[in-house]
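Taking it in order: structure first as structure tokens, then the write-up.
Going by the order they are written in, the chains are A, B, C and D; count residues from 1 in each one.
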Amino acid sequence: MRVGVLGAKGKVGAAMVAGVESAEGLTFTTGVDAGDPLESLTETNTEVVIDFTHPNVVMDNLKFCIDNGIHAVVGTTGFTDERLDQVRRWVADEPDACVLIAPNFAIGAVLSMHFAAQAARFFESVEVIELHHPYKADAPSGTAVRTAKLIAEARKELPPNPDATSTGLDGARGADVDGVPVHSVRLAGLVAHQEVLFGTQGETLTIRHDSIDRTSFVPGVLLAVRRIREFAGLTVGIEPLLDLS
Amino acid sequence: MRVGVLGAKGKVGAAMVAGVESAEGLTFTTGVDAGDPLESLTETNTEVVIDFTHPNVVMDNLKFCIDNGIHAVVGTTGFTDERLDQVRRWVADEPDACVLIAPNFAIGAVLSMHFAAQAARFFESVEVIELHHPYKADAPSGTAVRTAKLIAEARKELPPNPDATSTGLDGARGADVDGVPVHSVRLAGLVAHQEVLFGTQGETLTIRHDSIDRTSFVPGVLLAVRRIREFAGLTVGIEPLLDLS
Amino acid sequence: MRVGVLGAKGKVGAAMVAGVESAEGLTFTTGVDAGDPLESLTETNTEVVIDFTHPNVVMDNLKFCIDNGIHAVVGTTGFTDERLDQVRRWVADEPDACVLIAPNFAIGAVLSMHFAAQAARFFESVEVIELHHPYKADAPSGTAVRTAKLIAEARKELPPNPDATSTGLDGARGADVDGVPVHSVRLAGLVAHQEVLFGTQGETLTIRHDSIDRTSFVPGVLLAVRRIREFAGLTVGIEPLLDLS
Amino acid sequence: MRVGVLGAKGKVGAAMVAGVESAEGLTFTTGVDAGDPLESLTETNTEVVIDFTHPNVVMDNLKFCIDNGIHAVVGTTGFTDERLDQVRRWVADEPDACVLIAPNFAIGAVLSMHFAAQAARFFESVEVIELHHPYKADAPSGTAVRTAKLIAEARKELPPNPDATSTGLDGARGADVDGVPVHSVRLAGLVAHQEVLFGTQGETLTIRHDSIDRTSFVPGVLLAVRRIREFAGLTVGIEPLLDLS
């Protein structure tokens, strides 16, 4: 499979070029960056592009790919519902076009959320602890909030977490995300980590994800590249590619 | 729902009686122990029995229940393939009979194994660490061996774990269960714990189950009692009741 | 060594009686409970008593022991500075009297706090996560607050934890105890657990204590009983007995 | 304080140059690499050198430093007892010379070992789990073996770990290092991690060290640079600088 990279000179893009080059069965065709013509994709017979660029340019990139029969695996941010609808209209006109847009390609993170949602119905209690480097601006992390919301949705017919706390200090019991306590640790020496703790009579189940390297998205992107042709139209998130059941 | 307990005076049975009595929507009818007549089940209009007895008596118990239209949730050990086939023949003659036999009712343990099997395809490396009290006779635990075999089955088309170990001490790399290293820790102060570690480029996923109390099977048994009527015939293991997908 | 137990019929006292009876080199003399005469201690030649009683009676117990040359290991709560001063005056008059009063006999908990205080000077960041059963009234736990205060004292000349959090939800970053964030998890299936996380460039150090059984104080009490004679006067806390350096 | 770096162009040396440059109160004077004259150290009035070079050249470097009144903080490997004795003789002739040679500058790792040795006397059971990337050649790691030996030394008058294992698979119970079981996990996505688990009646204590970045030695080296003048003669290991008590 012939694979090009848009945003090839960015940190993430460079990691993707290296990832494609060392992956069995994939051939790197061309890297395109700001100012480079998109035509180098067609000239090199690129079959799939990986796009880690910028919200300003990603829509033009997608239009070009769809028009030229190139499948796209996209990690660029900024996809509002409107933008997703626009992409849906484009691919509707090109039945063979395959576009996958995902906010998170780290397979471990995606599996963590999936498992957390599955386990949520079976435990009396659940809490989320996310732990990150101290330079992070938001607390809780976006992933922790998404995880807590998925859990809350799965538990909506269950009684709330038991909690007899009657005296204490502000903040001790964490942030409340739809009834799920979320605790944010910020510690030098960490990168990005999350633990979901479930408990019931006499037992607990913990699902922990540790990401210690900015390249942890590479295997997920390569998986998407390899399977993109099986998913005609627009696919959001890599979960459908994981064949979970 | 009217629920009886066979083996009611054993440790596990007593915990089950207490569990039924405090569960919403369930009524405890009668406890039967060695020497007590099974007829007390029919006399009290028992609809479902919980059987934590002994391999010597469980087959007679089951025959009685199936003949009398009582559903059975069974945690007694010793079910060989032959015994399971016998039960299958009995329930084939009674289309309304529902029998569930499970080696493990701890929901956390069952979910752990299910999630481990699902995650196994997506990571380069996997190892299992099980940790138990020091009075345990077998190492690895039966659960760890079962978990490793499920993982190995899911990974059978993947390359083996990368491992550059060239010098070392015997045993450092654990036991080999179908290619999955399994490490057994025996420590005072522990009860029964298991960690499955998955790793790939820059990220790891850990699924940990902690059981610190012999009553951790109670919620799983109660779940089975509540749903047994939906599962006609013989069901082995509680996984089908968890509606995982 | 001949050992008596005050409060012998309480849950904790009963565990202590069992602990003494199964300990090598210790002989159980007598158990005293509400209404029983203290004289049974002297009549049985008790050398050391273990007191897990009630703030209402513990001072009378101690006076009796000090007057009768019986050493005392005390886990009863409610020792204000005034009470401790009173005990100090009593033992000042009896140079051979040895009294040890400790809020926590779990050796693992005491070591955790000691190690946390030692490590505190060497890391940029520190946070505390304590995890308990959901029936606990206070959050954070008393042990977590004490731990955080010890850490804060050791770090008072260091810069505060780096933390770039600028947006977030109330409570996400935990409770602030003298500059140390403390997070309280309340989860069914847990007993009493605490993690102290330290981090600096590229590395983290975690000190975790898990107590899963109300008897975890027994080894610490037995250690105190065995060594009490070496510690004339009043000793507060078991740390001096641990010969840490 | 004026600080030079020997081996400045190696990976570790380059990280040290960056570390010195960004450290408050330290001034980087000069980097010396293979072929560069050592005289640039004296010409730039270097007061302390950091040496991460090669066993072939480190002894000449040390002789030069000692002769020229420059203190040395050394992370280079290959120091046999003979070499250490040679350095001791050199510094004996120069009462103001301060040389610190350490096999491990990661403060978290050194504290872990110190705490493990302190805790070892108080628990019935202890095991070590070390977890590394899969490209590591030795199992167990050198640090794990050193940790186990320190623990074994501290426990030499205690009974062995209780262990009722009677049936099992080869390797499940780990490698035996002086009676301490050591388990080695090799997993993609990890760097260098170690857990020491202690257990006794009802409680466990876990000391975990995670190193996720090759720069985790920098804070330890900078601490040594700052305090080297207080330690006349030869010091081996950074533990004496940590003022542990």
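Methods note: a residue touches a chain if its C-beta (ideal position, glycine included) is under 8 Å from a C-beta of that chain, and two chains touch if they have at least 3 such contacts.
Everything numeric here is computed off the predicted structure, so don't read it as measured data.
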item: Pair with more cross-chain C-beta pairs in contact, given C-D and B-D; value: B-D
item: Reference subunit C; chain at largest CA-centroid distance; value: A
item: Chain centre separation (subunit B, subunit D; CA means) in Å; value: 46
item: Centre-to-centre distance between subunit C and subunit B (centres being mean Cα positions), rounded to whole Å; value: 38
item: Centre-of-Cα separation between subunit D and subunit C, whole angstrom; value: 34
item: Residues of subunit D whose C-beta touches two or more other chains; value: 123, 189, 198, 200-204, 210, 212-213, 216
item: Footprint of subunit C on subunit A - complex, ascending; value: 123-127, 129, 131, 134-140, 161-177, 181-190, 197-204
item: Touch list for subunit A against partner subunit D, complex; value: 189, 191, 210, 212-213, 216
item: Residues of subunit D that touch subunit C when the two form their complex; value: 106-109, 111-112, 115, 118-119, 122-123, 198, 200-216, 218-219, 223, 242, 244-245
